[in-house]
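Sharing a structure with you now.
Chain naming follows the written order as A, B, C and D, and within any one chain the residues start at number 1.
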Amino acid sequence: MCVKLTCDILDTRLSTPAVINATLDKLSNKFADRREKHLGYPYNLDFDAWPISQFCKFLINNLGDPYVGSHYATEVCGVEREVVDWFARVWECADPEEYWGAVGASGTEGNLWALYLARETLGNPVLIHSTEAHYSVPKAAKILRIEALTCEADHTGAICPDALREVVQANRHRCVILALTCGTTMKGAHDDIASCISVLDQVGIDPSRRFVHVDGALNAMVLPFVDGLPSGIRPSFRHGIDSMSTSGHKMIGTPMPCGVLVVRREHVRRVASTVSYLRSDDTTLMGSRNGHAVLAIWNRLTRLGIAGFRHFARTCIGRADGFAGALRSASVPVLLNPCSLTVVFPKPSERLVNEYQLACHGNYAHAIVMPNVKADLIDRFVGDYTAEWPCNSRQKVFS
Amino acid sequence: MCVKLTCDILDTRLSTPAVINATLDKLSNKFADRREKHLGYPYNLDFDAWPISQFCKFLINNLGDPYVGSHYATEVCGVEREVVDWFARVWECADPEEYWGAVGASGTEGNLWALYLARETLGNPVLIHSTEAHYSVPKAAKILRIEALTCEADHTGAICPDALREVVQANRHRCVILALTCGTTMKGAHDDIASCISVLDQVGIDPSRRFVHVDGALNAMVLPFVDGLPSGIRPSFRHGIDSMSTSGHKMIGTPMPCGVLVVRREHVRRVASTVSYLRSDDTTLMGSRNGHAVLAIWNRLTRLGIAGFRHFARTCIGRADGFAGALRSASVPVLLNPCSLTVVFPKPSERLVNEYQLACHGNYAHAIVMPNVKADLIDRFVGDYTAEWPCNSRQKVFS
Amino acid sequence: MCVKLTCDILDTRLSTPAVINATLDKLSNKFADRREKHLGYPYNLDFDAWPISQFCKFLINNLGDPYVGSHYATEVCGVEREVVDWFARVWECADPEEYWGAVGASGTEGNLWALYLARETLGNPVLIHSTEAHYSVPKAAKILRIEALTCEADHTGAICPDALREVVQANRHRCVILALTCGTTMKGAHDDIASCISVLDQVGIDPSRRFVHVDGALNAMVLPFVDGLPSGIRPSFRHGIDSMSTSGHKMIGTPMPCGVLVVRREHVRRVASTVSYLRSDDTTLMGSRNGHAVLAIWNRLTRLGIAGFRHFARTCIGRADGFAGALRSASVPVLLNPCSLTVVFPKPSERLVNEYQLACHGNYAHAIVMPNVKADLIDRFVGDYTAEWPCNSRQKVFS
Amino acid sequence: MCVKLTCDILDTRLSTPAVINATLDKLSNKFADRREKHLGYPYNLDFDAWPISQFCKFLINNLGDPYVGSHYATEVCGVEREVVDWFARVWECADPEEYWGAVGASGTEGNLWALYLARETLGNPVLIHSTEAHYSVPKAAKILRIEALTCEADHTGAICPDALREVVQANRHRCVILALTCGTTMKGAHDDIASCISVLDQVGIDPSRRFVHVDGALNAMVLPFVDGLPSGIRPSFRHGIDSMSTSGHKMIGTPMPCGVLVVRREHVRRVASTVSYLRSDDTTLMGSRNGHAVLAIWNRLTRLGIAGFRHFARTCIGRADGFAGALRSASVPVLLNPCSLTVVFPKPSERLVNEYQLACHGNYAHAIVMPNVKADLIDRFVGDYTAEWPCNSRQKVFS
């Protein structure tokens, strides 16, 4: 999968500018080529980050707390706050003043930091997450030494409220961190946030003893723009959640992995400590945050606007429906959750998995209909897939 | 400090491409302007990342383990391994096959991940670090719930072996993580790695009960290129350390904050778990790593080569000596550690602190002589500083 | 007006990469700054050429005839032909196959080459152009040793058909090149192409003895997109003209000066000679043509489309009307031709001429309402202008 | 040879940003690919114009005379003058104040403008050029209606002084423009400037009746940097010439075709006329000149310096010698002029001509050893060429 780099970089006779440039060109060519058939990861590859490329001559470093800034002048904390405000509105924070947020290096960072803030808030809580939660959630628990319990998801990938009730009931004396998912990694399912919170209420885990985080890496930038969305799955702070995160390099479309976390401000105050030499507070995991990622997100949000994301949501959902329909017409069993762009089907041959860069799990695989996945790519894939389908047909599928 | 952005980005009438472009231009102008007088942070601003800017049209994402790669084709794990190999040689790893490394989002990430690996290796260790260690070290301990003890540094900022012995002695029954620093944040001091390890040996904390991490964010890319370096402070795996990290955006010079961690491979094996849908192992904190940062480091290492870094080290040390000498001639008390680029002096007026973006701590401040800090900038600063010096002269300085 | 460059470039001790980069940054800052108040030249500065910037690593050279291409592989003759086709349709060429075109270095090149083709076609013709024609027209006549006669324009800047008749009548025994203008430089006037050609017909200069060129540098990319345009001034090959040219860096918006010429193919055949080593024909002035300019035009045409240019035309005409109205309300005499974006008014003080980069001629000046000239810039200028207006009021204006 | 562009750009449904971007990527890939085997054109493809790419957001237009500048603020006339000064020194102008120069769109433009200035100076001169002069020289004569006479070159491609004497003698009553070549297109030959001028002297064409132009497109940026250069062929104003031009995209290495002309200032004064609305003089062919080309040349001159071009000259001459030697060892007849980079040999098969983008003329072809033509490319070509050599061996070669 890797390009063989032709120069041994310790051998300075070989690493001339011409060789270095040729290596970069080779990479660029390979990337352009492979992008065309990409189908498996939830990355919107139709972005245009050229206006941001002019900043490659600057080290843009957001140091310390985004709301305090730092002494280092080549920073974009002001832009970072604009970005967070945008999310705070889209995710329906009642009073943006009561929220804090930051742009981080990935969705994983958002989950880890949210769970850290939760732990610091609740002392010695138990974490409950579904079996379909992203692997970064149990990893964060391990890193943070938080006890974690899983709760079963149904066959669509969403948490089953009854299963949740059982786990919560068994831990009703403890403080609880509940990690929900808006768009599970493999099946694109949406946990019903409203129902899950009412389970906590019913069992008697009142707000002072709980912290609800929503991992919206996949779809927290899709669902707000869907017409006729069921209110329970809407990624919104109105449900009474404590934090929500999403990725920048998925539906938004940025050249680097990055993420955004929004959290109730009170939870951050607890961990803030002052770093005198930065003249800032230490309220983020990394300390240094990549300003280019901040600009890349801002560039997309401002150029696309709400209307642009609505257009994406409508078009992609339409195409995902068509995609699923085409497979079903060929008697392929397909899972496509409502308001979701993730089309799940039995795993094809290794050749197709590689060619289309499909993500697989067990005996199934998925494709994700991002804005760059157009009709012709879908048609080509469906053709290739159904051509070999009879050979796969005896395999066991989604239970 | 922040540019006031003129557009409310939710108001789509206002966020036209022209307004967005004008906002970006305004930022670019501000950055070019402020860069000229930058003196306080250890950032080599003389880099030229233009060849990398062509990749802004791709989402380059290194997923999973750098040595396994992933299914996603727009990745540069091969380049990442080349980068790690380069460091493994510069840091004198005996057999590069026995080491593992990765490019992360910052020096903080390197420290956090190293301490996490240490904790997983040793079970329930105690962490010992100096009072001059970077704030990310105690922060990592807090996040990881590792008990942390500090040990006094001497007035130059380096760990005092006797103080270390005392702390170790008191914890001789425990497993110990020792976090040393190659270039302390405020004073640019270098802990004597050889002496500190021999303290562990003498007290009887044998290698199976210890994990030594060197935080080389500041100077692990400076000292290997200094002529006549005392062997005890050389950032080298030959001392028997377990991990070392450095920053990419400091002496190397990259447009985004980033860092490199190299660690003995055996420690990583312990935490690896397989993520089936990525077809990779989950051996890094973030899961997703910024491929542009990998390319930016590679671009610098290959273009500069060993000779380039030697030239940087020689020139900067010479200029730092001249800088310190000029202040001393004006009777200013100055601290400049051997082989260091950090010039420490009494804190000047708030006006100069802001103008030169100086980092301050208590009653002192520092400037760091990176390759972009040339004679004319130093002269200008020394002139401005000494002009107001009598007003500062009665303040208490370094004890 | 010039940035003083700080380095003597022959002194290699001084021209280090850092100094070179700093010089470029200084230029970039100055440009961003001065662009904000630009009002005098017909340049659409609201373009976004970033996607083209990635090609700066290639020498893109269109050698020889655009319809033949050459042996050199890094060329975009295919794109150049697409661009010419686009113009051929917008300018209503009946059968695109009968036309030839190319992208050149400027509008001047288009005029020069058209007049050269005319001279080669007609032998020893006389050139007739108006007193308001661009200075490149008489310059081309001088270079080409063509006898040139001027014909009076009326006070709006357009050719007066009666004046034209008189000049043609006096030369009725000769072959005639008639150079018309679609958007005169100073007054933005449009010669009535249909009326002028019927003058030739009436005097008896039949098509075999004439060559009509339209210099559409200013407005041949504006008028085709205006609603309710009088048919006589439409820049169209339907009038029976022989060639038309326009600029790329005006309404289209490119980072470099460039132009497009479209001409009846028969005229080009006459001059074609084969250049064996290029494996192409030598049908253009330059031989080598800048492929980046070709891409820059193509990038704009494809991204904007007909709809984009219609939007520009509508918006700019509306703003120009408002601009003229605001000056007239302050009793300033103003000339604004129909369907034109050039607002002409008495020359203000030298301070304002410099601040807004106004083009002046005799006692008047003009501003041109390009898409980047927004309401706030117009308002600011009108305010500054009218504030000093009484001091100017006694000066003689347009006769 | 052309990439088939997939979108009909008038069909706006098809020209979405994604399609446009994909088309640009396809071009970029093709270019990177074909560049690797390029051998036939004298283009130094090892340039790095990234620092210039940041200016793609500005329309940089040098209007009017480079020494006057214009009202338009986004111009680099100051940089253009620095560039011209650099050439004036390298080409040994005694007093730079007595010279005028400009950056134009190509070498052809330089030749045309020089011959135009010559014609305006001498009234009704005859032009003498060799049969090996670039095709732009007779083309310029045709455009300018100057009578042109050719004079034979010897078998190496250089003017034979006796042949020249004969032509001059026959025209001794006329004013004479003599166009010499420093690096002929096909054979890389250098006319002996000193000998040719002494022919004029001997026949009695004194300086007031002559104008000597040197077309240095190919080698006027190579010979000044060659050790032990015979003084007669040195491209230098000390010989008493009137003008000299070279290309920017050949040895210098720029992404766009461009050229530089230096001429005695007195010749320019004659044609200068004032363009009031530009507040400049009209002393150039184009009026508008591409500022990006000016920056691209400046960027190369400053970064490479004299030392860089010396290194190029030495390395390339060495490689050209090796190249010629390798062919001769296989009994291939080869022409390689002294101090030249052009290796001439019998034309190979059409397959090799295409693969290596060779320029051919009659029964021979050439390769040009520019800095990007490294040993491995030469070896590969020599291998391919000699493999088919016996099949070619009976063809007639250089007389």
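The rule is simple: a contact is a pair of C-beta atoms (placed from the backbone, for glycine too) under 8 Å apart; a residue touches a chain by one contact, two chains touch by 3 or more.
None of the values given here were measured: they were computed from a predicted structure.
Comparing the contact residues of subunit A and subunit B by number shows a mostly shared set, over half of all numbers used being common to the two copies. Two chain pairs, C-D and B-C, are weighed by contacting C-beta pairs, with C-D ahead. The interface at A-C recurs elsewhere; of A-B, B-D or A-D, the pair that shares more than half of its residue-numbered contact pairs is B-D. Mean C-alpha positions place subunit B and subunit C at a centre distance of 55 Å. Mean C-alpha position of subunit C lies 28 Å from that of subunit D. Annotation for subunit B: residues touching 2 or more other chains are 17, 21, 25, 28, 32, 48, 50-51, 53-54, 57. On subunit C, the positions that touch subunit B within their shared complex are 17-18, 21-22, 25-26, 28-29, 32-33, 36, 46, 48, 51, 53-54, 57, 372, 374. On the side of subunit D, the complex with subunit B involves touching residues 21, 25, 48, 50-51, 53-54, 57.
Across the interface of their complex, subunit B is touched by residues 1-5, 7, 9-10, 12, 15, 17, 20-21, 24, 27-28, 30-32, 34-35, 38, 40-41, 43, 45, 47-61, 69-79, 82, 86, 89, 105-109, 112, 116, 135-136, 139, 143-145, 185-186, 249, 253-258, 273, 275-279, 282, 285-293, 295, 298-299, 301-303, 305-307, 353-354, 357-362 of subunit A.
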